[in-house]
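Here's the structure, in structure tokens; my notes come after.
Here the chain labels run A, B, C and D in written order, and each chain numbers its own residues starting at 1.
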Amino acid sequence: MKKLINDPYAVAVQTIEGLALAYPQYLRQLDNLTAVVRQDAPVSGKVAILSGGGSGHEPMFAGFVGRGLADGSVAGNIFTSPPPQPIYQTAKAIHGGAGILLLYGNYSGDVLNFDMAAEMLGREGIKVSTVRISDDVASAPPDRWGDRRGIAGDFFVIKVAAARAEEKADLNGATAAAEKANDSTRSMGVALTSCVIPASGRTIFEISDQDMEIGMGLHGEPGVQRGALLPADQVAGEMVRRILADLPARPGEEVAVLVNGLGATPLCELFIIFRAVSRLLREAGLSVCRSYVGNYATSLDMAGCSISIMRLDSELKRLLLAPAESPAFIQG
Amino acid sequence: MPKLNITPPDLRRILCFVAEAIGKEEAYLNSLDGAIGDGDHGITMRVGFEAVKAKVGALDASVTIDGVLTESGAAFMGATGGAIGVLLGRMLMSAGAALQGCKEIGTSELRVLLNSMETAVASAGKAKPGDKTILDAVHAANQAVATTAEADQSLPNMLSRASLAAGTAAQNTAGMRARVGRASRLGDRVLGHPDPGAVSFSIIMRAMAQWLEEN
Amino acid sequence: MKKLINDPYAVAVQTIEGLALAYPQYLRQLDNLTAVVRQDAPVSGKVAILSGGGSGHEPMFAGFVGRGLADGSVAGNIFTSPPPQPIYQTAKAIHGGAGILLLYGNYSGDVLNFDMAAEMLGREGIKVSTVRISDDVASAPPDRWGDRRGIAGDFFVIKVAAARAEEKADLNGATAAAEKANDSTRSMGVALTSCVIPASGRTIFEISDQDMEIGMGLHGEPGVQRGALLPADQVAGEMVRRILADLPARPGEEVAVLVNGLGATPLCELFIIFRAVSRLLREAGLSVCRSYVGNYATSLDMAGCSISIMRLDSELKRLLLAPAESPAFIQG
Amino acid sequence: MPKLNITPPDLRRILCFVAEAIGKEEAYLNSLDGAIGDGDHGITMRVGFEAVKAKVGALDASVTIDGVLTESGAAFMGATGGAIGVLLGRMLMSAGAALQGCKEIGTSELRVLLNSMETAVASAGKAKPGDKTILDAVHAANQAVATTAEADQSLPNMLSRASLAAGTAAQNTAGMRARVGRASRLGDRVLGHPDPGAVSFSIIMRAMAQWLEEN
């Protein structure tokens, strides 16, 4: 294991500390918590957006805290949902009186912990609603859509919901926007290598030097197809094909695209993938309204990428294009 | 001659003993989780039980059984996160609530304890026996003590039956497909791999039974 | 070699194509050239900033083209300076009548090619000036400061010079700003692994699984110290020590910091490094005015990072903080 | 019986032959560059000579020696980049300029050619012999033909001497420290590794000499 870390058990905490030290213009760390909140939190009268999950996916989630994005974010240990108590405390710190919208990837551990925090908040009369992000096409068939896990599509859902909250929508309104974004987003990942968990020093799965796995999850959950690594255009072709088979986008519609790196894949490869995606979408008659290429939701030092596509209507487009600023994402 | 009751100081020692047993299996539990989940289960279990150990070491001498259980559950849940944090945390806290004011764990308290644990994990996780989760091991342990014949009812004996039943159940999860949790998306690919949470619970039971035999 | 590419010889070209397709709001590709220019180029009356160099360092240089950053950027093949002709053509495409400032890392190949392009432009009466960026402390002793190579400090120099050009400084003024930024910037890199060159499919140097090399260049040029990989705090300590020994910053002064990933190192590790850097600078009595953490100048899929520190005066501070927008860097 | 003069069509064939020779050494040249530079020299050389090959294949039949050289230099420089792109490109273009209107390369033209190449690389790269660059091989080749005794002066003989001298000089760069180029920052760490550019030039010379012998 070759990592620039100190204590392998302190990676999550020291990551958040470093983030908060690096970007004080956007956010601050809460005392004694592995959590950050908008520098100006709580924003009175605004629905507060709280995101979170296990660490190891940086910049997701904490890097997307700021104006027009999440109000706060709680990080658990590597690949481990944070416990209820810090979720609860962070929610309290960002609550501006208009309720809390919890946004996180649909994983059993996150559901259990966030639900319990929601209970604690509910007991105090704080209005809470939840949208579990489930963009990963590879993780369940269409008829079990709600069982799917969340991957880089988290970004689109948080962006859209936060923009709606920024417009001073009430909790129902912000929740509806998040749900619409989630309903409209599909993702597909491909892994070339396993990541190495700092605390164990080991890879989490084996993959030969010649192979890739399409559909691999952000924590190494097995995917839908393992086989020889193909040229980028073919990899993108297979991924986009599976996404479009699942996403009911019709020719003439607009979409947003995110080509996301998993941590160890350099930007040049992501641009080569985007080049292919762009052509494939044009061939499908879809027009790309806005595209993003970079590391948004990583899996430690895994090599590979994911492609996320969000189908846009005029509301989603407005919310996606709304300004935002945070350590990992700025839009004017 | 093994103890017939578990006092609050005993329980505190037992939890420290469990913490050690879990610590030794950290890598094994990680590897089980790596096969069908995200590879962190051993880390989470060790960190959680270290917090439990620290917590029970700091409790007042006057603490009762339910106090130890409730505080341990809160400590575990607060220190870990993940699915297992809530589940095992709730199991311990529910047992505490069910044994309100209890000064010793004897045979009937053990039944209450395991029964409340099964109820807690089932209601929190919404899993059923056979879904390839920790519940399978908890359910088996609970069944084993609930069905112990009158004549065989001693604490060491019942704990040893619970330990055996949990161990067998954990191994049996290898033959199951998962319906909840991370592994639920993997279909047939999880066959042959036991569920890490179930194995953890069997380790806890085994450590408890062993401690009782040795003390 | 595991890479998401098509033809290994087409990586540079397809990267630029993907970049231009992904970010049309900021830049466009020039026909038949591996070069991008600001969408609104040429900007009349403004000194045009032209950056460039070999590919494989994405987002450097092409990702930093846009308002408040470079007007254009030419990319060569992987680790290979672009030839004079495309540099010349790109310069012509961005020339707004106020001259061209060439900014690139100080490498023999780049010097030869950019100098020749400068000659070609000069022959047409276009005013050209050049600043060769030389921030890498590891690459030559202080008395041969001008021989040093450029690494991630390129970003600070381009940012500052472009902001000065945006203020409508003349060519001398923009050049002076670039020189001041270069004089005030020091960097130090550390490599944990070699990258793999797509066309050869091979690593460019060997390093054991336990070792790191401090001072390694962006193309694997050997560094100043090879030894066992240390905890992040110690690695940062050694790097910052060497930088501060070279940079005449006095307690009480302000600095800007960039913790840059080399391509395969995930963001969580960069934040852990930044956390250490932040403490070390505080201990040195320096105050961090602005910090940046992410992949700015990479080396394909090399694991490791670099630390760049720019000493600020009021002018450099104003120029650094000026707004900018580009695919890889946005500042409001 | 080897040729005593190189006509424009010969030169075009020679450049194609050189392109093949360079192509075969791509991996070797990359590895030399990997040891003391950035590992791309073989790629750049191959791509550059492929462009030269394409260019000379497309030239008009009436082209003269200087036309072939100038066009080859421009093609090489335009297709490659890197230090070697400018250096070898300028070398070829300078040779073209020095042999303005020339219809055949004989012994005196060979001297002019190598001399103009040495001047070009030295002035563009600002290196001196002994700095561990391509110049060392060019200089040696140039010296070898300049100092050939009157009696030994035939084109095949002089090219073979140039090839030998360039090869020896290239190998000798292994013992030098670098004062310019990428390798200049490495101090003693470059000792033992020959300079890739010098080796490339020796391969070019060897291929030229060999073509002449075989045709």
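We adopt the following convention: a residue touches a chain if its C-beta (ideal position, glycine included) is under 8 Å from a C-beta of that chain, and two chains touch if they have at least 3 such contacts.
Worth saying up front: this structure is predicted, and the values here are computed from it rather than measured.
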Chains touching both chain B and chain C, listed by label: A
Identity of the chain that, by mean CA position, is farthest from chain C: B
Chain B-chain D separation of Cα centroids, rounded to whole Å: 76
Distance between the centres, which are taken as Cα means, of chain D and chain A, whole angstrom: 54
For chain A paired with chain C, centre-to-centre distance based on mean C-alpha positions, whole Å: 29
Between chain A and chain B, centroid-to-centroid distance (C-alpha), Å: 33
Residues of chain A touching at least two other chains: none
Chain A residues touching chain C - in the complex, by the definition given at the top: 2-7, 11-12, 14-19, 21-23, 55-56, 58-59, 63, 190, 192-193, 209, 212, 229, 231-233, 235, 259, 263-275, 278, 291-295, 298, 300-301, 303-305, 325, 327-328, 330-332
Residue numbers on chain A that touch chain B, as the complex places them: 9, 54, 76-85, 107-109, 112-113, 116, 139-140, 147, 149, 197, 199-200, 202, 204-205, 217, 219-222
Residues of chain D defined as touching chain C within the complex: 26-27, 30-31, 34, 37-40, 42-44, 47, 77-87, 89, 124-125, 180-182, 184-186, 189
